[in-house]
């Protein structure tokens, strides 16, 4: 009875009990019980995951649960990473949900009801359980089953608020279609794979991998890649993500954005590195890397010019998944080039960024949820000045924004540093392809980092600082304590990851090393992260804690110096400098739209924003302007080019199909009959 | 002995940065036929600002008040860890090119947030422009760093400088020349000099850096001004030592350090004078022509990387 | 001259050619573009001179002198004269592709050139062989300028860049290219310049300007 | 480029030699705290722009007020002294007060030109709120309609003490 077994058992038990509780407990206590249950489930899963990462592994089989196949679960270090992430996120989100689900949710009006309904509260634990089950699934059937369960439960949660906002319904439709298509792709890929193996268990697949022809292997990789990539929100399969995330309740958005999308990455890593082993060709991984770079830049561009608070965070999820896939692709690429140490380093960077992203995205989405719940506004142009009414939430979002913008002392800085180190040291190892791809990859990462800075300066500065732009923003107050506690948990995780990545990095490094079949890529030396190059030489080192301490000392020095030199005059409050005119009103502030305007003009060739300016004049003279109204829309060009034609085609098919449906029962029965005969004939002919 | 290095570097940077600004203004004044206020003027300004009364504008939050401190702190940390007078840094794990760049960016970001925090139109304007420029500078900067660190196999500043010292011929290679060209443009953009930003403009609508600090007065303003001058001298010092490292000490030997300080001063002063003289011939670019400038330097950085691989 | 020093200097001169090629895309002022073109001529001449000294071949030396005179002297002078003749509203290149994009394209072309020329480099591992891709990149960039510039004059510059690149490639690949080839190249360049001159003057006579887009007018 | 360089070489120094430091005279002792560095914010309270031209000349290369440590700045927060020109019109009285408020101590006000000193020839004109001293305390007066740049520079030197 190891910690691993205990953790898994508790997680399963608590999760199922919580689901029941969601159904049975009366409304007053429901969210509390469910939230506590989720927290316990998450904590147990976190422990189990950590135990698994440190090398313990276990297998469970439920032989013939279903007619066709039994369920098969195996917990190995790689699965442990994702167990731990999902568990950690669940703890924070569970506690947060206690208060959040009582509130009006993200509804525009402050009307009550919805999120603490029986359905939502019962499905939430199931969703978590499904997400915990996916990484430990050890056979094709099990994986597909858990995957589908996860997809369905998340879909139900996304449309939880469809009564309040019609937009939710369309978002749900997008999400349903794309996630099901993704499932089909995975199904195809894995069943082709399983067709070449003795049975559907991953062990059999591993054994069969070397026997695959390159074409088949490529088919498997690409098909599953499409499925998993769509779940990770990778361009061009991202269309659902910026729709579903903003429309889902914020605790669900946090779960999806911080835990669920990771499983897409999990799938790619599992299939590419583990199941297909070293049959991988370089172009697979260059494809992954390229799509990752594309998603990173595209996502952060949309985020940088967007003004919808939660949509912006969703786009930033696309960006971070892109960065992670850059790491994964680089790892595979180095692996095919034969430099396993570098591959381990790149994969470790990707996994670390996965952990960091989970932490700060949970924090960002929960605090954004509090803001939206308190103000009922989700447009940055209508927020501002929240630091007076909601100081704790402001601080929380500030920490998250610092972590997300890859600046020291933030969490993402460490992982992006590792990623850049891996890319830079890859140059000598990978020949001409590397010499052409890696600089561009570095440039992509760098551009992403720069735009991320702009994005979160906008989100934090415009959203929380300065003067409130609407009465709702002015009168906003903090939510219940449980929400603050939930944010606090995520915040503490962010700070810990930022200051002491040395605690988690060795484990993650060894997991990555084991996945690609190399040694530990990083060595911890005191407070310092040291990169282990080939021949075990140190090729680079970073110490986030030292850096932060140095910053603190610097601040103290500056303060002391200023105090020492400045003559003691009492500070005086003064009205803002308004050029001597009347007082400045909130309408004179920069809005998110105007803040992003230069970037939008710089990247206009890419974004093709649509503006319309309508100026209305006074009747007396057309030289006297009465009002000027400026609106900007940034259509998703990839959607325009890629999805609209497909949708039109599907619609056309549908129209054609309606001709067959005349409503006569005989005809419908006839269809069945004809098909049956046709099949029989086919059988005869082919045999 | 590295403690000595840190102390010396901090003292040199803090004490001489305003003089660098004064020297550059003096060069400009002389080329305009003026006499100029003398290179000590920035220090006089700082001394006076320190004696003035601090002002907290209505509606500004803690962000606005702490930004100058953080800004100065970032500069101090960089001044402590960068190889300016000696390659032996006290905090070797912090003396990493990415870390240094990220620290300086952090300073810019805090100032931008402070600009937004005031809630004035000009503050937001400056912040918006500054963040735009930062976002576009980042790729160029990191690609140039890439080019510099590939031949050395490390992004540690000390290692890069040491490698150049060991093999002086590197300086004339296309790699370092292209990287240097790229970095010069980046530095001009990062420190808000012409043609990207006009440090001596009085017209709010043409401001980038100035617009963010319009609300600061007294000691806060002094800190911001000091930090601005420190940024400039740090960037120039890094540029000088990355490409012309001669004179820098390799250890903590007091004698060598004593020799390294004047060498650094001469190099930075020369670069500063060159920059100031060049600015006389330049006019400020439109904000939307700046991307062209940065794209050019980005391409140079990329070519440098290519050269570092293909000509190796 | 030692091998390593030769490599250094060769890389330097070829790098200078590449840099000048990029600069012609970067800057808008035609006058400064012409100056840059002159500098590139000097760099080219220096490259040839380097190889000449390295192989001690006198005729390559002569070629170097010829290149210097023609590419750094005569052609820029001709161009400057045409520029002076062109009206004041012809001082800036108005590219069909905006500057940022064309710079990025140039970067891509360079990487492409390096990728393409790998077999060549593998073929002869001498420093000259290593420098071939850069020259190729210059040629490609020149072609790109030729394609994307509106004014006849800047197109002319593009053509000359292309020619510089071709010359460099030729000399770098087969060191004993010889006087005749270079003479031939130079002659055809002069010819082209003169033809374009005539063409330009005709166009201006017909339309009063030299905007290539307006050649469409001839269509009907 | 080269032409400009040649011009610079040919022109050389155009600034006039510095006249002797004038006696401090009426300026208050607060000036001591500035110690040779005065940032100046210019306020046009209703001037005919004659004084503006002269101020421009005073900060131009010939008179070069910069060399004595005076500098024009964009924000009153950065300023130590206000240079006010013209009579204070009704519309500018409040803005002038607010500008004065915005400057942090120690602060000085310089009235430049007869109109600013004592309404000059606009005395009693409609829409005039009065001279500068009627709105904000004035520390230094530079009379003249308009005052010569030399006079303005002399006044500024009393502030900088250089």
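Which chain is which? They are A, B, C and D, in the order written, and residues in each are numbered from 1.
Basically, contacts are C-beta pairs under 8 Å (C-beta built on N, C-alpha and C of every residue); 3 or more make two chains touch, one makes a residue touch a chain.
As the structure is a prediction and not an experimental result, all values here were calculated from the model.
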Chains adjacent to subunit C and to subunit D under the stated definition are A, B
Determine which of the two chain pairs, B-D or B-C, is joined by the larger number of C-beta pairs in contact. B-D
How far is the middle of subunit B from the middle of subunit D, if each middle is the mean of its Cα atoms, in Å? 34
Hey, how far is the Cα centre of subunit B from the one of subunit C, in Å? 36
Whole-Å gap between the CA centroids of subunit A and subunit C: 49
Whole-Å distance, C-alpha centre of subunit A to that of subunit D, is 59
Note the residues in subunit D that touch 2 or more other chains, in rising order. 75, 77, 104-105
Interface hub residues of subunit C, defined as touching at least two other chains: 111, 114
Within subunit A, the set of residues that touch 2 or more other chains is 435, 569, 572, 574-575, 577-578
What graph shape do the protein chains here make by touch: line, ring, star, complete or other? other
What chain-chain pairs meet the touch criterion? A-B, A-C, A-D, B-C, B-D
If we count contacts the way the header does, which residues on subunit C are in touch with subunit B in the complex? 4, 8, 11-12, 14-15, 18-19, 22-23, 26, 99-100, 103-104, 106-107, 110-111, 114, 121, 130-131, 133
Mind listing the subunit A positions that touch subunit B in their complex? 304, 387-388, 405-408, 413, 417, 420-421, 424-425, 427-428, 435, 439-440, 442-443, 445-447, 449-451, 453-454, 457-458, 460-462, 465-467, 527-529, 533, 539-543, 546-547, 550-552, 554-555, 557-559, 562, 565-567, 569-578, 584, 586, 588-590, 594-599, 601-602
Name, in rising order, each residue of subunit D that touches subunit A in their complex. 75-77, 94-96, 98-99, 101-102, 104-105
Which residues of subunit B touch subunit C once you look at their complex with the stated criterion? 169, 172-174, 177-178, 181, 291-292, 295-296, 298-300, 302-303, 306-307, 310-311
In their shared complex, at which residues does subunit A touch subunit C? 432, 435-436, 605
